[in-house]
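In the two assemblies presented below, subunit A is common to both, partnered first by subunit B and then by subunit C.
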Partner chain A sequence: MKIIVQLGELSKKMNAISSVVPGKTTMPILSTVLVVADKDGITFSATDLDISVTSKVKGKADGKGTLAVPAKKLAEIVKSLSGDSVTIEASGEKMTLTCGKSRFVLNGRSAEDFPKLPKQESKTSFSIDPETLAKLIRKTIYAVSTDLTRPALCGVLWEISRAGISMVSTDGHRLSKVDLAREFSDVESVQVIIPPKALSTLKAYAEGEKEVRVSIAENSVSFDMEDTAIYSRLLEGPFPAYQKVIPAANEKELIVGREALAEATKRVSILADTLTHQVVFSTGKDKLTLHVNTQEIGEAKEEVTAKFTADPMDIGYNASYVMDVLKTIDADEISLKLDRSDNAGLVEPVSEAGELKHLCILMPLRIS
Partner chain B sequence: MERRILHINTDDFYASVCRLRDPALRGRAVVIAGSPPRGMVVSASYEARGEGVVQGMTVSSARRLCSRGVFVPPDWQLFRRVSRAVFGVLERYSPVIEQASLDEGYIDYTGCGRLFGHVLDAGTKIKSEIARETGLAVSVGAAANKLVSHVASRTAKRAHLVDVYTGYEKPFLAPIPIDRFPIVDIGRASLLQELGISRVGDVLLFTEEIFFVCFGTWGKRLYRGAAGEDHTPVCSRLAPQERMRTEEILEPDRVSRQRLEAVLYRLAEGTGEKLRSERLLARSLVLELRYADGAEVVGKGRLSEPGSDDLRLYETLRGVFARLFTRRVRVRCLAVIVSATEPEPIQRELFVTDVARERTRYLRNTLDTLRARFPRGVAPAFGKAIT
Partner chain C sequence: MGQQRIEQMVRDLLLEDTLPQSLLLTGPEGTGKALFAVDIAARLNCEAEKDRPDGTCPACRKVGRLEHPDLHLVFPVPSGDWEKSMPTIIESRREDFYARGEFGGRAQSIGIGSIRKVIETVSKHPFEGRRTVVIIFDAHLMTVEAQNAFLKVLEEPPPSAVLVLVTEFPDKLLDTVLSRCQHIRFDYLGREAVGSFLETFYSVEGKEAKRISILSEGNLRRGIRFLDEGFARIRADAASLLRVVFVGKGRDLLGESERIAREYNRDEVRTLIDEMAVLARILMRQQALVASMEEKKLLEEMIGSKMAAAGLKRDLTADLGKMDGALKSMSKNADLELTLSHLLLDLAGKWY
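So, the complex of A and B:
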C-alpha cells in the first residue's frame, strides 16, 4: 500500500487524534492509531474505549492496507515534518513515511488487535453549525468538575428540545449555563451528560467543517462531520438540580467592564494565596475595589470603574474562577448580581445579541 | 550562613516573681502551689527543690517534705505580665522569637551579628537588660540549634552564659546525664538507664538503626540529638498542636465514667471552639489522662474525616478514652491536643448535600459568637446533655 497525502491536513488530523490516545494504559494497543488505506485516502482511528475518533485524510492511493502504529510517535513525526506532501507506505507490520529528504520507518502491530469501533443506534439527531457548537462548548467546558467521586459533574449536561439546546456545567463551586434558542424540528427532548474530553476533541475537529450532525443514543453520542466521526459514551447521572441554585432574588447589581475587571483581577491575584486564590471585591457607588492580603506574601489593591445599585459590601472570590468566567463572556460589560456576601453571585453579559443566552454563578469564599 | 540560636531561661521564674512582689520571701523556700490539700505544686524555688519538692507534687506531700517553706498561690496575671516584659527585651534582638513557656524562649540570632555583635555580646546585653528592666536573672545558652542551646542554658544555671561552638556539640553533650536531656522524659530516661545508657554520649555507642528499631522515630531523633543535630526551626507562632491544647483539672478527682465523659465533652467543645476560631479542621486528636496517683496514659484517635464539630470530636475522644481508662483509680486531669490539622475549606458550595451538617455548622458558629461576647455559661452547651 502506498498513498500520498497533504502534510497540512494530515498534521491537523493527527494533532486532534493524538489527544484521544490515553497517556498511560494497561492495553498497549490503545496507544496506537489504526491506519486504514483505501482508494480515496487514508483513515485514522483512535480510541480510549470511552471515546473513539475516526478521521479520513484524502489522498492518492495505490492499493489497500491496514496497520496499527504508535500514535504519539506518528503525531510527533508528522508535526516535525516540513513540505507539502507526505508519502505513506505500509508493508508487513512496518510503516514508512517520506517527506522531502526525510524518511521514517515505524514498527507497527497487527490491526486485528485493535478494538472494534462501536456503532450506535440513535434515538434522536440534529445538525448544528460548528461555530455555534464551538461557542457553546467554550462557554461551559471550563466549569466541569474533575472530582471523580461525583461523576455526573465531570461532564456537560445537554438539554435538547425542539426549542433549542441548553448546556450546563458545574463543579459545585461555580456553574455555567448557555442557552441556544433555535428551532430543531424532529428532535426528541433528551438530557445527556457528555464528557469534556469528547467535547474538546469535537471542538478541535469541528473548526473548518460545514456542519456537525449530533446523534444521541441510549448510552452514547456521536458527532459526524464530513471526514470525521467522534463517538463517546455518556456519563451517568443524575445531574444535580441546578435550576434551584440559580439566584432569583439578587437585586444588588454591579456593572463593570469585562476587560478592565479581568486585567485587575489578574494583577492583584499575583499576591493571592496559592491555595485559595482569594480576592476580595469591595463594591462602592461608582467603583469596585479589588483587595488581596496574604500574610506571607503581601497585599495588593486596585480600583475599577463600576456602577453599583446598593450599599457597599465586601465579597470574596477565587480569582481563577473569576478569570475563567470573564474569558468566556463575549460582551464588553458584565453584570454581577449579588445578594449577601455568603450567597451566590450571578454573572451575565450586559448586552447579548443573537440566539445565545449565557449566565454564570460564582460561589464566594468565606472572608473573615 | 552559620545558624545561631539563643535559649533564654529565667532562673527560678515563679519564685523570683513572687519575691519581687514580696521581698520578705528572699532567701526562703518558696513553693508556688494551688490550694491545699489537693492543689499541685506549680513551681518550687531552688531552696524548696533542695528539700525534695518537685513540680506536679501535691501540696500535702510538699508540706511534709518542706515544712518551713512558704506556700504561695499562683498569680497567673502577674506571671504573664512579667513574662511579656522579658520577651519584650528579646524582641529587640531578633524578629524570630519562640516562646516555649512563660519563662523560656528561643531567639534565632542567625544573621543578627552585624546589628548587635557577637552572640556572646548579645547574650550579655540581654541578661543585663532583663535584670535592669524586670529584676530577674536569666541563663543564656547559645548554639547552632535549639536542642543544644537548651542544654547549654541549663548548664549555664544560674545567671550564666554558655556558648557551644559549632562542631563541638558532641563533646559538649556527651557528659550530660540522660535524664537531663530535653527530649528524654522520665519514663524513657529510666528505660534508657536500665539499658545502661546513663549519659548522652552513651547513645552514640550504638547505631541509629538500633534506636530506630527500639523506639521508632523518637529513637532516631534521640540519636541525632545526641550527635548535636537538630533542624527544628524557631517558630514565632506556636505550632497548631501546642495552641490547640485544652485541659481540665478535675475538682475533686473523679472515677465515675459518666462524669469523666461529661468532662470529655466540655474538652471537645473547647477544642472545637479553638479549631473554628482558627478555621482549622482536626484530623487526629491526642487524649492525655492523668490519674490521681500520678500515672499518665496517652492515646491517639483519628477522625473518620477532618472536622471541627464538637460531637464528632467527642465521639473520637470517647473511643480513645474507652481504651485509656482501664484502672479503677480516680482521674485528676484530662487534656486534649489536636495533633494534626488542615485548613477549613473557605470555598462555599453551590449544592448543599448535607443540610443537617450545614445547619449544625451554622449553629456552632453562632454559639461561638455568643460565647465570645458573653460570660461562660450564658450560651448553652449543644449536642449532648451533660450532668
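So, the complex of A and C:
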C-alpha cells in the first residue's frame, strides 16, 4: 500500500484523533491508531473504548492496506514534518512515512488486534444541523449524574420519534428536558442513553460541519460528519420514568429576568454554605428576595424585580444548580412555577421562539 | 483443563443461555479457576457459530492475550496506586498468567475505586463482543467498602454483563456478596490433568511432566512454578533439608537454618516448607502402601534410597503437624531463622 496525502490535512486530522488516545491504559493496543488505506484516501481511527473517532484524509492511493501504529509517535512525527505532501507506505507490520528528505519507519501491530469499531446495523438514523445539536447538548449535559450506583442517570436520554427529539438528563436533584419539534421522516421511535463524554466530544468535532448524521444501533451510536465519525457505546437502561417528576399542578408562577436573577444568585452565593450552596428565594409581591445566612461566614441579601401574585413563600435552592439552569435557558425572562416549599420547582423560559422547548426542574433544599 | 464436571455444567448453561451473571469461582490454589474465568469470557464472545470457544477466531485470540475490549480484569493492587499498578500487573499477566506482580511487599487490596470502575464499565453495552466479562481475581482482597459498593451490581448486573469473582478464600467475603453469586467449586485437579496441561501448553517433555504432576499434587499453579529455575533450587533445598533432618546432626541443622534464612525471603521459605511437606506426604503414602512406583522412584531420586527408608520409620503425621505450625508462625511474622531452626531441631528430635 502506498498513498500520498497533504501534510496540512494529515496534521489536522492526526491532532483530532490523538485527543482520543488514552494516556494510561490496561490495553496497549489502545495507544495505537488504526490506519486503513483504500482507493481514495486513508482513514485513522482511535478509541479509548468509550469514544471512538475515525477521520479520513483524502489522497491518491495505490493498493489497500491496514495497520495499527503507535499513536503518540505517529502524531509526533507528523507534527515535526515540514513540506507539502507525505508519502505513507505500509508493508507487513511496518509503516514508512516519507516527507522531503525525511524518512521514518514505524513498527506497528496487526490491525486485527485493534478493537473492532461498532459496525452494527442501525435501527434508525437522521440528520441534524450541528448548531441545533450543540444547543440540545448544552441544555442537557450539565444535569447528567455522576453517581455510578445509578448508571442509567450517567447519560442523556434521547427519545427519537418522527415528531422530533427529546433529550432528558437528571441527577435526582435537578432535571433538564429539551424537545425539538421537527419532522424526521423515516425515523423509527427509539430511546437510548448516550454518555456525556460522547456528547461533549461530538460538540467539539461538529463545529464548522454542515450536517451530522446520527445513526443508532442496538449497542452503539455513531455521528457521521464529512470526514470524521464518532462512535460511542450506549449506556444500559432503563432510564427512570422521569415524566412522573415533572410537576403538573404548580400554579404559583414567579416571572423574573434571567440575567438579573443569575447575577444576584452569583453574588449572594459568595457567602453560601460550601457544602449545600443554599440560597433562599423569598417571593413577595413584585419582588424576589435572595437570602444567604451562613453562621460561620455571614449573610447576604439581594432583591430582584419579579412578578408574583400568590401568597409569599420561602424556598431554598442550591445556588450552583440555579446558575446552571439560568446559563442554559435562552430567554430574557424565566418562569419559576412553584407549589409548596418542599416540592419541585419548574423553570421554563417565558417566551420561546423556534422549535425548541426547554424545561428544568429544581428540587428544593430544606431551609436551614 | 481437567475440570470436566464444571466445564460440562457451564457449557450446558451457556447452551440454554442461563449462565448466572454473578459467579463465584472457589477452590484451592492451582485448580484452574482463573484460567476457567478467562475461558468463560472466550466462550461468551467467541465468533464461531458453534463449539465455542474455537480458540482461533480474533475474539478468542484477543481474550487469550487478555486484550479483548470486553474483558475487564481486576487485580489487588497497593492502595491508591490503581493508575500505575493495574496496567503493570495486567501487562505482566500477559507474559505469565500466574505472575503475582511486584509491589515491594506493599499490602494489596481491591479498593472501592476499582469497583467503581467496574460499575462504570458494565453500565455500557459491550464494545465489540456479545457480553462484557469482568473478572475479579483474589476477590477476598476486596475491602469492605468495595464489597458493599459492589452489592447492587452483583444483585442485578446489567443484561450484557457477566461478573466472575475468583478466590481461594470465600469465607473472607461478606455474606451479602456470597448470597448474590452462584458458587462454582473447583476440586483438586488430577495428576494427569496437570501433566497433560504442562505437556500441551508449556511443551514439557512427557517424563518430566509426570514427575512434576506428582510433586504438584494436583495444583496447576505449582506445576507451572516447577518450570521456574528459582523454584528448582527451592525444591532441591527442600530435599536436602529433609536429608539433614533424617540424619539429625545438630550442627548441620543449625547451619542449614542459618543458610536458608540468609538465602531466601519469607515467601520462598514458606514455599520450601511446603515442598518438604509434599515429600513427607509421599513418604506417608508409602507407609500406607498406597504410593505408586513412580512416586517411590521419584522420592528415591530426590532424597536417596537410604534416606527414604529412614523416612518410612518416622511419625510423619507429627512431622507434617510441625511443618504446619512453622508455616503458621511465619504468617504471624515470626523470625525466619528462629522458626526454621526450631522446626528442623524439632523434626530431628534434638531438644535437650
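Things worth noting here:
Note that the second predicted complex is superposed on the first by the 266 of 368 C-alpha atoms of A that agree within 3 Å, B and C clash if a C-alpha of one lies under 4 Å from a C-alpha of the other, contacts with A are read in each partner's own complex, and residues count from 1 in each chain.
The working rule: a contact is a pair of C-beta atoms (placed from the backbone, for glycine too) under 8 Å apart; a residue touches a chain by one contact, two chains touch by 3 or more.
Just so it is clear, the structure is predicted and the values come from calculations on it, not from any experiment.
Of the two partner chains, neither subunit B nor subunit C is touched by A:Gln243. Looking at the shared chain after the overlay, A:Pro28 reaches subunit C, while subunit B stays out of its contact range.
In the overlay built on the shared chain, the residue A:Thr170 is in contact with subunit B alone; subunit C does not reach it. Contact with neither subunit B nor subunit C is seen for A:Ser185 once the two complexes are overlaid on the shared chain. In the superposed model, A:Met363 lies in contact with subunit B only, and not with subunit C.
In the superposed model, A:Ala344 lies in contact with subunit B only, and not with subunit C.
In the superposition on chain A, contact is made by A:Pro195 with subunit C only, not with subunit B. Contacts of subunit A with subunit B, set against its contacts with subunit C after fitting on chain A, share not one residue.
Of all the residues in subunit A, the ones that touch subunit C in their complex are 24-29, 49-50, 112-113, 115-116, 118, 148-149, 151-152, 154, 195, 218-220, 233-236.
Of all residues in subunit C, those touching subunit A in their complex are 58, 61-62, 65, 67, 69, 73, 83-84, 86-87, 90-91, 116, 119-120, 122-128, 149, 152, 158-160.
Chain contact summary for the complex, subunit A toward subunit B: residues 170, 172-175, 240, 245, 275-276, 278, 316, 318, 342, 344, 361, 363-368. Considering their complex, residues 279, 343, 346-351 of subunit B touch subunit A.
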